[in-house]
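What follows is a group of structures, each given as structure tokens.
Both of the next two complexes hold subunit A, though its partner changes from subunit B to subunit C.
On to the complex of A and B.
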């Protein structure tokens, strides 16, 4: 037998060995285990509340508190403020947003030079979008150029932004993405995250992480066992193992 | 009139009435879960802890075992935290070995302990490692099968035979050396003076005892099982291991907006109508609007069935207005309340009793109890709970009593959930018995079982998933 053949045979043997050495758990056994899990309703409510609060759905969080008795983990009033800032950025009112952030907590922008630069950059973009070329240039020189001098990455961003002015039809130039509404949303997200962090709150809701953990846990368990999976998170249907 | 028993029953955590089924209750009926939940609260209250913390306390090593240590070659100090080599011979079967009094506990991410070399003696042949029960106590840890050891004289690692491999620095008088187990990665790791030296795969199964060895004249070593602060930052090590795992998990992709979907179906399932309306409005008015795939929400479970009625009933129960709730049920869903001995009726009657106690109307409570609750006393399925419930009458401050959990908001929520589940089960479009669990809950259960099963296949070692811990500690799983 050629060495190659011996090698292939060995792999096949290993494969079979691996397949049979995994523990097989039947659907019935698995469902029994599922039913034995003790989940507290309060914990699931807390998970949902955490989602509503982090996403900034104030009214929903307030109603949920009334309907379920779950306490929000941060003061709902702070959510309203945070959402006002986010909305302002999403609507292109960056100056207003900056003012609101400083009202909320002046340290946020002080300790977050990158965020502050991005907000100023967004302001510049809005000025350009409105066709206020002179004002834009003045603003760029006074507020943004000094930041650019301090930081190379900022300088590059600044140059990209100013490039918008050079093109007749800015909506068709290489840097047109800056004018896209998604850039506003990106900046809005950044501000949202910074405010949450300043309030010692995690910037992401826990729920998506748990869903990822489910997929990860199934992948991990696949190494050692054959058992019913949930392959479609939306339906939560248990699917029997394929073989 | 039957007299009401007033003493609380002793051990509620384990009575499930499996032997006898009363006529009204079908043992396979998932609505019985609600009764079990009450029992869980009772059990937890009895133990004075929050529910589901009961992983079963594992005991940790606290000191050295003096009964099996290699007498004649070493002595253990009176505080059982130091050893000293007393012999002068250096035959390889004359090692002074001591094990901890207990094996390392399994159910956490790591186990760790340290030794401090007080005196390296004549030849500095100190060793630290792990061994199993029945280890030959006159050989260094690592020299025999099913043991491992990091030796100070040569800095080698020994993994079950007499020759070792180069591993790390040597260590001597004044050094603090640590040995640990990482259950997630199934590795041993060793440290010296606060720095990680290295790791090796752990191929030994079963319980492992922290072990220390001394082998030359005057060697003296003290052991720290955690009473004093460790020199090595083992918490930091655990945190960075968890973070690494968390980063790998974060890279996994999930369908966009699935979080919104699951929250929406959760709200629909439990009948949180007002929250749902606010939620829908919010998702529609965000920029850009969040589109929740309709075909997923209008699932075969038809979660929006009778949403308004369920919401109304939930409100009434949560406000303690049980009479109005019962009236509505008789009107809208007579089939749920026609059997007065059903689980739902039991829960509602109990709750009415609880509400009377809450406002101090004890006489009325007793009267009501005789009328509506006495009939449950003889029934196995309900007896333990009803007895505990009656016990509320005995205390001047029932909310502070061992049965105070009945007065918690969570009890009202539980009854509201049971009513909700009962209504959902009247849906003629219902295909299967999934009306007890929302999608979110189904996913969380799957996650829990996968983690438990994986740990079980790992020799029951390591952490598992507990939602309660995740919610209370940032991004850790326990």
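On to the complex of A and C.
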């Protein structure tokens, strides 16, 4: 019994040794290091503008341009068009969205079979959601079945979607995720990305990538040091390491 | 279930109601009311974009001419935009649509739109024209005409990215010949195109495509391009192989492949070569068209280049390609062709590759590809077999001679496509060299008859390849096989083969004959069949001042015949020095003076056999050869540049001395 206790004590001591083998950086030291890093205001403004433009906040981008003098990377007018498309999908008006995309650039849907299929699929989902069963079947037969014939992967997704019609209570069936609003958002995001690509713009804003890099860097540093973390990205507050 | 019965009736009504809707829209296209017309145009456009089935059904209704008249008759910008967009969609990736659009005379109408003051109209016109130029059916653009060149440059100079992209597209798809490339370069097209490299995504891609077309196989154009701003643009293109967009990476790789194949000296850096190979390998995994094009690009890059094949092998190319082929999903024929050709190139010279490839249980996949409906895929699979069969180790393990592989290959001898025929003959030529088994599956499948059939084909390539396969089949063959073969051909058949109008075919026929008479003395009798018809024909051909390659095989035939009995040797002498001889038409002397060392060597061998001291008539033959100036000629050749020839001559001269000659 006493041997066991000695053994446990030994382990505890080992733990402490391991904890103290990492370098400890105090709050003061850390803030000093951070202050030594110089950032240009222009770079930060560019990041903000990039975020506003990519996400489609036209008025905010316009105002920001006027106040800070930062040039937007693309013509703000095209953002309005793109946002109209995204909004239409998010509201479930897929047919309207398709018409708008075709007005903006008729090549996008003609050269993106996967996107086109997803839009048509969303249309089908909306018809099912509205309870228009006959119309939904007609639509599936006329518009989607040929796409399924052209491509095996589409066929599987089509079958999943049509399965919604089989169940009495669609909102509780195995494929109920399709009816979720998040599916609309997914489709909207896909369209947004395609439009951005056609305009040679990167489809993702840079800011989220930078934040991801921050978290990754902290994780890497955790293996070697004890230091104040940013745990809440929305506030960016430094929090002391827990003892 | 009650719902099923009601839906089945709605299915049939669905078909008819959609048909009705289409007919309704179609009729509104012809409306005189511009509002109604515009709405109908938009409706048609929105229905067909992305939807191939709808394109086809509207096409059948005759929508294209209707929309074309809307385009030509109207002044209203909105109508112009919508009709142009609809027509462009018909032409997008849909060959029947391109045909219909061109037939309806839309091309000049779209060109007119490019000069409009309304930017949207210009955009619509440029986009649609670009769609047309993606197709092979696009009108041949005559770059040699002054006004056409001017127009092209006005497009390239435009601020509008759709218009400049159109200019690049026209070049990419219409520029084919060296003359066209030259004319374009002289007019300064390279300088204009490279500006697009710094432009938008679509401009960059159009530029890369057109650069590849202008530079292809044209060293002058390549050196001009590389010379621009001291190689800056070559670096730009190389940088783009690391771009974030896969299609850009692909197009820049293909551009570099073109440059490398045309002027390899610009790629001395191993690093660039290596990264080109690995980028293309990565792109193979892309599901879309980029992946298809990457496969063909890779095969083109590593073709005939052992160092690059090694690089690819070390980068795990074989496993990667085999994994893609094994995924089981239906791959586009272009991709299959590219992948098989890449494998074929990898196996062309490197034994490691062949063994690695064959160890991955690929034969089933390859055999299936032999039955693919696309001829290019079948051809590529055959070439793959041909190169893999160069592995003696695997060949003698019987991997290729079992029924599973042999039967489909033999069946392809009847293939309607001539490229498949030639390719399968190439594969069989190698496979029949399997000496490990006493029986030959190929012969059991009636292979000999089929090859003889093909040796009479209209296509000279097929004749040549068939004879090559037969030549290999007769190599070190036993009497039984030789008899079997000869019974199908007979003397007259051989005469036709040896007298074929194509020199390459003649050469193969003589090589075949050489193998036939090689071996045991009885084999020599073949040439004496029907009063020595075959031997006479050989002699006749040799007297006709033939090309070196043909003469080499002919002399080896004589060498082999002269290795036989006294009668055989005398018969050869008859062919060499026929009586009466009007002029001294001594082809032997000519051959001994040939630049081709092999021909000199073959001729000396014949002499060696003719005067080999063990035979009674050797002395007399030696006298004749001396009198005809042959022996003196040999004395002049004691220091022949070719070691092999030198050694043989020494043999002759020592034989000569044994006859007591000075």
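In the analysis below, the second predicted complex is superposed on the first by the 175 of 243 C-alpha atoms of A that agree within 3 Å, B and C clash if a C-alpha of one lies under 4 Å from a C-alpha of the other, contacts with A are read in each partner's own complex, and residues count from 1 in each chain.
Throughout what follows, contacts are C-beta pairs under 8 Å (C-beta built on N, C-alpha and C of every residue); 3 or more make two chains touch, one makes a residue touch a chain.
If you're wondering where the values come from, they're calculated on a predicted model, not measured in any experiment.
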Once chain A of both complexes is superposed, is A:216 in touch with subunit B (first), subunit C (second), both, or neither? first
On the A-aligned overlay, A:98 touches which partner chain: subunit B = first, subunit C = second, or both, or neither? second
Can you tell me whether subunit B or subunit C touches more residues on subunit A? B
Touch check for A:224: first (subunit B), second (subunit C), both, or neither? first
Touch test for A:71: subunit B only (first), subunit C only (second), both, or neither? neither
Does the superposition put A:146 against subunit B (first), subunit C (second), both, or neither? second
Which subunit A residues come up in both lists, the one for subunit B and the one for subunit C? 202
Show me the residue ranges of subunit C that touch subunit A in the complex, using the header's touch definition. 3, 6-7, 10-11, 14-15, 17-18, 42, 45-46, 49-53, 85, 88-89, 92-93, 124, 127, 200-202, 244-245, 329-330
Touching subunit B in the complex, subunit A uses residues 23, 25, 30, 33-35, 37-48, 50-52, 55, 57, 59-60, 62-64, 66-69, 87, 90-91, 181, 185, 202, 205-218, 220-221, 224-225, 227, 230, 233-236, 238
Note which residues of subunit A are touching subunit C in the complex, please. 98-99, 102, 106-107, 109-113, 116, 133-134, 137-138, 141-143, 146-147, 150, 152, 197-200, 202
Could you pull out which subunit B residues touch subunit A in their complex? 30, 33, 40, 51-52, 246, 248-250, 252, 254-255, 258-259, 261-263, 266-267, 270, 272-275, 277-279, 281-283, 287-288, 293, 296, 299, 311, 314-315, 318, 409-410, 412-414, 417, 438-454, 457, 465, 467-468, 470-471, 474-475, 477
